[in-house]
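Mind having a look at this structure? Questions to follow.
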């Protein structure tokens, strides 16, 4: 099988807003996403628990990953989530360049 | 220390088949792998729970990561897992290009 | 919004040493980090549980991710963690090149 370039958007933010973030991802046309429980400290971490950051099991954040096959869709998701949520909520978003086997899946 | 190029294979699929996926990874010669609990929606998500996707704690999927120091081994793992499982089970796989400190570890 | 290049350092190691790893990350000047529970097998996995590797819920490892906007800081974090811990503890570290929207956050 052949590898094809694709994009992965990563969003790390408060668990509290995961529904809204997922709605933006789906409205942009992405075919799927992955959600992972996370903890931590910094601009992506829920402020009120940041002092307990070294407590690994304190997972009040989520890491959401979206693989897409369209860089403009990736950028639209990142921009919309940042503009909608990251003034009032903690969060970061970044893009990684990956390669996939079956581009029609994304 | 010096950085050396390496490959990371990522597989996101149903928890149900994790043992078989790990067997393929080990048979290919990879020296290790990481498993993370995941939820989500899309072609990588367990179909029966996809409607509950926004429920973050519904982790019926796994994200498996394998760092290797050999692109042909990476591609062999991706192809074998896709051909063995992804007709009957939900799943995606992709490759990322990374850099490691101690290439002999992989 | 515009994308800017940045670096992501990933550390996968035993849960036991997460506090020390986080102290190195903070001392290096990183503004935040993310912690995710992980299991697995290999040079990053807690030796005593490696035979139970296929048991997904056996999460005695952690995956720690640090986004920085400075490659020399990234390399310093990787080197310090490797030199401090990876003789006596299991662990791997690697770097990925990403792009972020708001570089001043990192």
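In this document, chain identifiers A, B and C correspond to the written order of the chains, with residue numbering beginning at 1 in each.
Rule of thumb we're sticking to: a residue touches a chain if its C-beta (ideal position, glycine included) is under 8 Å from a C-beta of that chain, and two chains touch if they have at least 3 such contacts.
If you're wondering where the values come from, they're calculated on a predicted model, not measured in any experiment.
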**Asked** Looking at which chains touch, is this a line, ring, star, complete or other?
**Response** complete
**Equivalent-chain rotation between chain C and chain B, CA atoms, steps of 5 degrees** = 120
**Prompt:** Where the CA atoms of chain A average out and where those of chain C average out, how many Å apart are those spots?
**Reply:** 18
**Request:** Enumerate the residues of chain A that touch no fewer than two other chains.
**Result:** 36-37, 96
**Message:** Under the stated contact criterion, what part of chain B meets chain C in this complex?
**Reply:** 1, 3, 6, 8, 15, 18-19, 22, 30-37, 62, 67, 96, 98-102, 105-106
**Fill in**
The answer for chain B against chain A in the complex is residues 10, 12, 36-45, 53-54, 56-57, 59, 61, 63, 75, 78-79, 82, 92-96
